[in-house]
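The structure appears below as structure tokens.
First chain written, first letter: the chains are A, B and C, and each begins at residue 1.
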Amino acid sequence: MACEKIFADLKTRKLTTIAMISGTDAFGKSMRDQCVAVAPKAGITIATEESYGPRDSDMTPQLTNIRNKAGVQAVVNPGFGQGPAIVTRNYQQLGIKLPLYQSHGVASKQFIELAGPAAEGVRLPAAALLIADKLPAKDPQKPVVVNYTRTYQQKSGQAVSTFGGHAYDGLMILVQAMQRAKSADKAKVRDEIEKTKGYIGTGGIVNMSPTDHMGLDLSAFHMLEIKGGDWTLVPGT
Amino acid sequence: MSLRALLETRLLPAILVAAIVIILPLFFPSAYYYRIGALVFIFALAVVGLNLLMGFAGQVSLGHAGFVGIGAYSVAIGPVHFGAPSWLCLFAGAIFSGAVAFAVGRPILKLKGHYLAVATLGFGLLVAIVLTNEAGWTGGPDGMSVPALTLFGWRVHGSDAWYWIAGATFVGGFLLALNLMESPTGRALQAIHDSEIAARVLGIDVARAKLTIFIISAVYASVAGSYLALFNGLVTPDEAGFLRSIELVAMVVLGGMGSIFGSLVGAAVLVVLPQVLTVFHEYEQALLGLIVMVFMIFLRQGIVPSVTVALAGWRK
Amino acid sequence: MAELLQFVFSGLTVGAIYALVALGFTLIYNASDIINFAQGEFVMLGGMTTVFMALAGVPLPLAALIAIIVTTGIGLALHRFAIEPARGASPVALIMITIGASVFLRGVAQIVFDKRFHSLPPLFGADSIQFGGAAILPQSLVVLAGATVIVILLWLFVERTLLGKAVIATAANRLAARLIGIDTRRIVDFSFAVSAAIGAIAGILVTPITLTSYDVGTLLALKGFAAAMLGGIGSPLGAVVGGILIGMIEALSAGYLSSSYKDAVAFLIILVVLVAMPQGLFGRVKVERV
């Protein structure tokens, strides 16, 4: 789904040929596989691919190959942990000017801190939680995420990250399902979880069904761009 | 055979182990304990093989988890991609591991000491990297699920079933190792360990003896790996990883290099300890490291030899 | 052509890091025949301690100094409390102790510090230097310079000072060294301390490039050990050459062959070299006397 959001944004910017550089860890690999699967339907061509180990310290060889590949218009980096930060720094170091897309695996302030000035202009799909204050007033998620952000920052003194938000959503969905089921019986609770409709969480609006256990659609993701060391919402996404 | 004769036979350690396998479940309050027991015996099997290589032949291997990985993935790839029955894949994995050990062992067993360590390290890492990258076959870093073993129509699953299988196999492997040590090959290995040059002077084919034991230890590891995969129902490239190799070496050294019985003790300590230490939450790693250090400083021969020496002195 | 140069720069950057770790391995091995697998943790401690001191408000140069001192102290403590008491144990047991120590240090680090990634500001700014169509970070040159300076200082120390000669004597034959009055225990103390210091300095210098976290030590120790063996354990020059070589092979494989197999290629080449030259590139051929 994150791939679909990225590809949709690429199409809006009239970019159709990309390169991918992915971490070989589980997250990087599975997101990369996802992107490869949805690319044809989204009209995106993947011109070349590179990879790096999650603990590697320098990705300039891989990025050099990408830079030398003709026709590449943007680069997508599925990855998690410190890899994407180093990729982003190497990107700037090599002077590559093409648009760079990160994944929601780096949806925390720490990425901006680690990547430094190289993070300017990087785009990534993320849940509304990261830009709580900047959401348009009539966004139904706004009250939920603003409240969560305030409570979290008060209690922990740290900036929010989507990972905490996911945990919060998961817990609340479970609690509400248990309240509806009026018991803790495993089968009953599961049935009630599958009936979750219109739950407004930090990660999006959740509508589950027996066949859809994620319950989110593309509207759960917003496209963010890093400007001035902070998240900004790309208008209309 | 009279009881006395039985007690003095060299089969005593094996009988002891068999007794342990049979008696332990009497103390198990839940299936969880069966699971721990099964894991201990599975790892102990791999450790016996490694002990033969390290303790008796004196060759260090920092990449033995590579063979564990080969065995583990054989029973995953075989059934899933080729539809072959699991028990056949187990054998195939063991044979394949032996073949790999032959191919790799010939050149690298010429190396000595730390150089051999690095070469085996490289081997283990290579296996782990291939398993991680060839996602089409292996499922990549997420690994793949392993279909359960079916023996004569009976689906083998559950911690108690695996406890008995692992326990029985371990006793078998234990006996085999004991016999091996008393055999001409075993004696040749001990001679090589004491002095390679003297052994060569005596006419022992050093290269062949080392290779033989390397292959045998690889087969032990492969079988253990297959059991692990079948038991867990899941296999990931970490099974072949560097940390796993170090774990195996730690089990050998902690239990006592050259002590087959020590293999069981070492495996037991390093399987049970992390379970026990989880109560300490974030202090678990620090405590684990500390305990390993303390053990090695004060029981530097390993647990079983140190205890044996202490007992012998006390009896006097 | 420009891309080859870029790959070479990348190889030098990564290789210099491995070289510094490998030097630490060599030093301790030379004085005591021990392979210290906690060497990677010294690098981690150097970087992490500096980061956390700086976060606590200590000015960066002072934080770095404190980090080096603390790490040196830990290296000494490792020798005094973990290795010394086990003197006489088999080499494998000693290696196991250092492995236990590395797990211990890692475990303590995740409690005392945290589990996130951290960076340090580079010494000469983050803008890369353009040269021949390729870019290299100033910090990479700093790391390379640091490695060179350390090797030169070590060489001078061994050739020109009495203590240096004592270290060589201890490495050559411990018993003989003691017979002529060298306090070998102090010498090994010293080698652990210096190795820890080198590790800490390496950590501080490379963190601006590689970032640091509580578990960067493991992979570094692995590669540093491989580099030291490739170069021939016991030879400082070999350690540096081995480290740079491994870095280069990784970068060139990533660039020209396959980025997912770059580590595999490096280890394959190490295997091939060791089979052809069983004592490494610069190692002394061990003559076994009967």
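In the analysis below, a contact is a pair of C-beta atoms (placed from the backbone, for glycine too) under 8 Å apart; a residue touches a chain by one contact, two chains touch by 3 or more.
Keep in mind the model is a prediction, meaning the values are calculated, not measured.
Student: Taking chains as nodes and touches as edges, what kind of graph is this: line, ring, star, complete or other?
Tutor: Complete.
Student: With centres defined as the mean of C-alpha atoms, identify the chain lying farthest from chain C.
Tutor: For chain C, the chain whose C-alpha mean is farthest off is A.
Student: Hey, which pair has more contacts between C-betas, A-B or B-C?
Tutor: Pair with more contacting C-beta pairs, A-B versus B-C: B-C.
Student: Find the geometric centre of each of chain A and chain C from their Cα atoms only, then give the gap between the two centres in Å, rounded to an integer.
Tutor: So the centre of chain A lies 37 Å away from the centre of chain C.
Student: Could you tell me the distance, in whole angstrom, between the mean C-alpha positions of chain A and chain B?
Tutor: Using C-alpha averages as centres, the distance is 42 Å.
Student: Would you mind pulling out the distance in Å between where the CA atoms of chain B average out and where those of chain C do?
Tutor: Computed from C-alpha means, the inter-chain centre distance equals 31 Å.
Student: Which residues of chain B are in contact with two or more other chains?
Tutor: If we look for residues of chain B contacting two or more partner chains, we find 133.
Student: Two or more other chains touching the same residue: where does that happen in chain A?
Tutor: 24 - these are the residues of chain A that touch more than one other chain.
Student: Which chain C residues reach two or more other chains?
Tutor: 260, 263
Student: Within the complex, which stretch of chain A touches chain B?
Tutor: Checking each residue of chain A against chain B gives 24-26, 29-30, 33.
Student: Write out the stretch or stretches of chain B touching chain C in their complex.
Tutor: 54, 60, 107-108, 110-115, 117-119, 121-123, 125-126, 129-130, 133, 195, 197-198, 242-243, 246, 249-250, 253-254, 257, 282-293, 295-297, 300-302
Student: Within their complex, state which residues of chain C touch chain B.
Tutor: Interface residues on chain C, with respect to chain B: 35, 82, 85-86, 88-94, 96-97, 99-108, 110-111, 218, 222, 225-226, 229-230, 233, 260-261, 263-264, 267-268, 270-271, 274-275, 278-280, 286, 288, 290.
Student: Under the touch definition given earlier, write down the residues of chain A that touch chain C in their complex.
Tutor: It comes out as residues 24, 50-53, 55, 57-58, 60-62, 64-65, 68, 81-82, 85-86, 89, 93-95, 110, 113-114, 116-118.
Student: Can you list the residues on chain B that touch chain A in the complex?
Tutor: On the chain B side, the touching residues are 132-133, 135, 140-142.
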